[in-house]
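Letters A, B, C, D, E and F mark the chains in the order given here, with residues in each chain numbered from 1 onward.
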């Protein structure tokens, strides 16, 4: 069960409206790696959590915080839209700057939401739940979370470059700091789990059932060997169970596949004679 | 430019057909974390790569390998579908096992693809490119890749439990081993980048511009403090720039938002009088 | 079965081309609440209708009218696109107004549809059938319809503000009037059904099976009680079966959930030992 | 800002696991009219609210409650999945009931979420934000909300019929009661707004600008006149501004559209000669 | 403008209900190549048509017919769903056949549409408008149409095999015949256009601007030359402008791409120092 | 299995950056008929191919070539994005040309991909696999392929008009030529199959089971008979099995559908009394 506090977690007030930036800012609200994604990802991971209560609690703590981040962003966007110059339409025909403002906006900010934030990204594409994952495996999911916070902080940093409004930058300064913490948090949680069960997900699948001869080979599927220069191509493997090996010319280990011909009932075999497989067709035919 | 070898990278031949398992196996072909996702993710990261050639080459090597994994899975699925009992429809009315086989199949495997694999997941949902990311930031993207290989290997392990067909398990034993390598590979690549620029993405955003007082605080947004027990709540932060702090009762730092009233031109203000803002309306009106 | 008349239901001729407005106008053609939505919603409700023939007929009458509205909008958009200045590309490099026109257009209007309307909204997102509902319950569906006509007329009114072209406004004056009728129509149909069975959907679910003690309580899930001021917080309930009650501090009535640990076969339990559950794995293993 | 209470708003504990019902129950979690939809719809309407604070507060109160309903449903589904018989795979080959359970499950409940609820509907389709609306116009949005609660309660009632598990029915008895309240609530809020500004959305668009001669006409777009029998076809209109009129044979009021021929630069005119419009092509041609 | 006739174009009455087949039949209603697709494709092509009126009329004639086909399919599906055994739930627990019927149904046919057809395909995926095309180029679009009728008739033929119900087969016998006509129709229309302007789309792009040395080469991008055996590898080209040439070992004609390094403002260059590019950041920084 | 060559198949180097054109060029990379579509369509058709090896080989040859076309386009787009003027933000406030460049870009090219190509179309909509088909029937699929190459070449031709950059035009000159070949190729393959089995897909469905009296009728579903003027309305049918017939006034051949009333368990019958169908409800009720 949840309770709402009316104050925002942090300030979300632009110095002045900017409907074009409002469109761009939608990316970190409703985009693939926006706040809606981390909010829903952490909440679902928490609600589904079958592990120790401290993990469930931690996931729901951060998920609950993220609802508040979605709230800050919607509030910011609504205020940025205050400057939409629809009522200056006649001016716009003459003034290219007003026209540009109208043209650079997301038209749905006017037509659909009436100057409100929308649950979409910076090109207007709706948020959808295939953006998130809650696999039940903590190590896998914490890696998903670390990725989400990395992509998210990167996007906020890029948006920081794209505005000079002090109010927006102030809110972003807060979000960047929380993303710093959240990257720290997931690294810490990952370290804790890896210390228990190693680094390969899932840890509890018996390793002897995999084809271990290829478990540490880097395969060079191209002409040229620049890829031999990385840490991934030599030295002990990161799971401490072998050594990286560079395979310069990987060979096919499988067969050349030949599928059985299409059966008649798929009507796909070139040159096959007309034929219905289900005998009852005669009855059907009679009815026509 | 790419070249095709007719042999598969590894064996992909089931002992016997199993159209119901074919449906399930689609998840690791065309699902959120299936082989199509890693194939397209690595290829786009490689093609867009603006860093040292060894990264580009490495990304395209593994991306090229993954095209071959998609090939193995489609081949396997097509063979599993050989047992679709459509031609035994009259038997099915009497034999619940045949009926179950028909009922448990993905109907599109019969109607749409005619016993071929489809570019969809285990519930028939189409693959789409919002599953993948290529941000240009190597550390962010390598974390995305480590996550993808972790979720992917987890799903293959679960599917391994769900069949006992030796041919399918053989192919999965290969895929599990390659996923082991690929998790190793991304961990190695991550370690290499982190040793250059630290652990927080993006490294080149000036840290003093974020609100550093909240950069290492875990905020407990719930009643009860189970979440205080984790590595994320105490000790040095993972970025070595501070110490984790547990905030048991986080306080709102922002204002209570009050938005300006809706302008007339949105037709959204309750109780507003009828009014058109653009004066030219009179002309329009005259035309009606 | 349907028949086509070649005349439009009403005039759809702009005074002059305006490819930027064409993009915006797409919202009421192919958007969430555009004409394609009401057309398909009413047709499906009509075709599926199991109630009295007058409802089926009424639904199909209005659905058939809406096909004609889609026709009017596509016709209007095609004419607005006549002004696309692609052939003035060299001028565009010099003239910011031509450039703006090219920039403000939906690029698919040039590349994909060749100056034709597209079945998408104002940001180019395709229409999809999850926009509509046909539940079989008339009261529920008529409420969906009243909502659709309300959102739709609101969007047309906003677009009316965004243009001063007399031809477009003329067509919109017709559409606004029909939306007025259609709001009236659904209110009338709702009143008719509510007079038969009351206001709560579905009426035929036995009310004694719901937890009636919370059937009329407004729960205040926030600090502060501004929400106590509305009609929903006091006085007789709208279903005439009780009185609204304002619960200032709602209490949890449920348990703190603790899920059972993840079983081994999900490979999700932290720290579990490697283990395959299906015994047949030994056979599989042998094959590797 | 939000706070989490660890107790559920109401009990969510099934008497026994039922992974097939878990799949069906997903509809009211992540479907078009599931709890995720009302949660996000009310939160966005509240965050974007530019009207009196009591509306904002009311919207956020109910939105916050709905987060708790999503929590109840995920909890219930996770427990229903406890009975997934993957570890009885060898039995399943022999026992059609176990096989049926495996076959009737959503495969992603095993492969992707590891016995957790997913943010999808009963056919596995992901939730997306085009399910919701926040237009800024209170009357329009409250009608959307009344519709959502009507469709939602209808779906819960149908699911109630589809199970006899007392624990599930208990939770549903609570949800049905809250949906009763929420239908009441939106009817009350609608009544309050309609008493201020009338029944047609948007109220503040000048009625004289619409083509009022068709504002109260029901048009019979079919052969046969069953549709004349309803309240929508005669008597005073619901907006009290006219009388319903039944038009038995509606006539086209518009022109037969003839579009201008496709310009050369679209390469669409049948039989046109090869021609490039942009003169600079010669330069381009030279480079080939 | 459109008019509705109450009779169906052809009979759509199953001999007996079959809710499992109803699910499968959805494919040709709301699938990628279902009747909704051809209906919307032809209507949009017709409404956007800028060519001779006979093409517009022909497109709208067939588009109007297809609305009637959608009507027939929804009617058929609704009747197939009459046998949904929800009211026999207690029996289902004991009788595997009833259970199978419940399990094999699309759950949304019960929960969402209440025994009505849905605008989705056989796995419940919603119809969307990216299934269709209306490019403005008649030859391109007629080829799209011929493809749609080919895929559509193939799917109906497969479904014919999957049922023996005489009523369903009767309706399908009609649909197969119309699809035969429609394939004929598009071949005729294609022949008419090709006789005017040749076979390559678009005809009016100047051929000398393409790199003609590769306009008739089949390139063998694999080891082994089975692909040399086809009509496409030798003999005169189909456009009568050259001869097919088989290139056994295609060579790269382009450069090895090296992209410029990522600029600082993307925060993507590995090892770059912290740096904000926009100078105004100092102001922003001061505000934090 | 696949191998990567580091050189591009053809040159992909613009004369100068143009981030606005980059957005438009995305259409032929990740749009409905972009290179990703043909790449995946041909690969899936090849992998699933159950016919003669020459078809499989041919399909995989061209599919492999198309991977290289995707590579060329991503490379081109990345270079076009080099001119994104983010670092000139302060200038942009003053210079409308820089502002226009920022405004006309796809914002995700900056925020999400950091100056890289994205797997989306020109409005930012993600590629999805419902764009493609692999039905197993060669004739149907080759028609899909001919359509794809026709739409694709048309779009490239339109984009050719929209730029005068010699580098882009050079690459397009190559792509246009390959599309010419590929249209030729599919026409050749179609001719080969049609010579074996005729022109109607699927050929092996028994023609006597379709309602042959309507197999060659053009039905005029409109007032006016312009559509009688085409090749499709008279003369021998294209399948050489009959003669086209023009039906000026098509008559309904089916019944007026009347569906059975909604059963109680759907809670959809207007005016029905409250009633639960499953008797076990009493137990459930007791628990509330």
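Everything that follows uses one rule, which is that a contact is a pair of C-beta atoms (placed from the backbone, for glycine too) under 8 Å apart; a residue touches a chain by one contact, two chains touch by 3 or more.
Chain-to-protein mapping (UniProt): A, B, C, D, E, F = Manganese catalase family protein.
Because the structure is predicted, anything quoted here is derived from the model rather than measured.
S.K.: Applying the touch definition from the top, give me the chains sitting in contact with each of subunit A and subunit E.
M.R.: B, C, D, F
S.K.: Give a one-word verdict, same or different, on whether subunit D and subunit E use largely identical residue numbers at their interface, taking over half shared as same.
M.R.: Different; most numbers are used by only one of subunit D and subunit E.
S.K.: Repeat of A-E among C-F, B-C or B-F, where over half of the residue-numbered contact pairs coincide, is which pair?
M.R.: Selected pair, repeating A-E: B-C.
S.K.: Could you give the separation in Å between the centres of subunit C and subunit E, each centre being the mean of its C-alpha atoms?
M.R.: Measuring from centre to centre gives 23 Å for this pair.
S.K.: In whole angstrom, how far does the Cα centroid of subunit E sit from the Cα centroid of subunit F?
M.R.: 7
S.K.: Can you work out the whole-Å distance between the CA centroids of subunit D and subunit F?
M.R.: 28
S.K.: Considering subunit E alone, which of its residues make contact with at least two other chains?
M.R.: In subunit E, residues 1-9, 32, 48, 50, 53, 57, 60-61, 64-65, 68, 75, 78, 86-87, 89-90, 96, 100, 103, 110, 112, 114-115, 123-126, 128, 130, 133, 135-137, 139, 154, 157-158, 160-161, 164, 169, 173, 202, 205, 207, 209-211, 221-222, 224, 252, 254, 259-260, 262, 264-268, 276-278, 280-281, 284-285, 288 touch at least two other chains, as defined above.
S.K.: Please classify the inter-chain touch graph. Allowed labels: line, ring, star, complete, other.
M.R.: complete
S.K.: In their complex, what parts of subunit F are in touch with subunit D?
M.R.: Answer in residue numbers: 154, 157-158, 160-161, 164-167, 169-170, 173, 265-268, 276-278, 280-281, 283-288.
S.K.: Which stretch or stretches of subunit F touch subunit A in the complex?
M.R.: Going by the criterion above, the answer is residues 1-6, 48-53, 86-87, 89-90, 96, 99-100, 103, 106-108, 110-112, 114, 123-126, 135-139, 193, 196-197, 202-211.
S.K.: Would you tell me which residues of subunit A are touching subunit F in their complex?
M.R.: 20, 23-24, 27-28, 31-32, 96-97, 100, 103-104, 121-125, 154-155, 158-159, 161-164, 221-224, 252, 254, 258-262, 264, 266-276, 281, 284-285, 288
S.K.: What does subunit F use to touch subunit B in their complex?
M.R.: Subunit F reaches subunit B through residues 1-9, 30, 36, 40, 43-44, 47-48, 50, 57, 60-61, 64-65, 67-68, 70-71, 74-75, 78, 112-120, 126-130, 132-137.
S.K.: Under the touch definition given earlier, write down the residues of subunit C that touch subunit D in their complex.
M.R.: 5-13, 32-33, 53-58, 60-62, 64-65, 68, 72, 75, 78-79, 82, 86-87, 89-90, 110, 114-115, 125, 128, 130-131, 133, 135, 137, 139-140, 143-144, 146-147, 149-151, 153-154, 157, 160, 169, 173-174, 176-178, 180-181, 183-185, 187-189, 191-192, 199-202, 205, 207, 209-222, 224-232, 237-239, 244, 250, 252-257, 259-260, 262-268, 277-280
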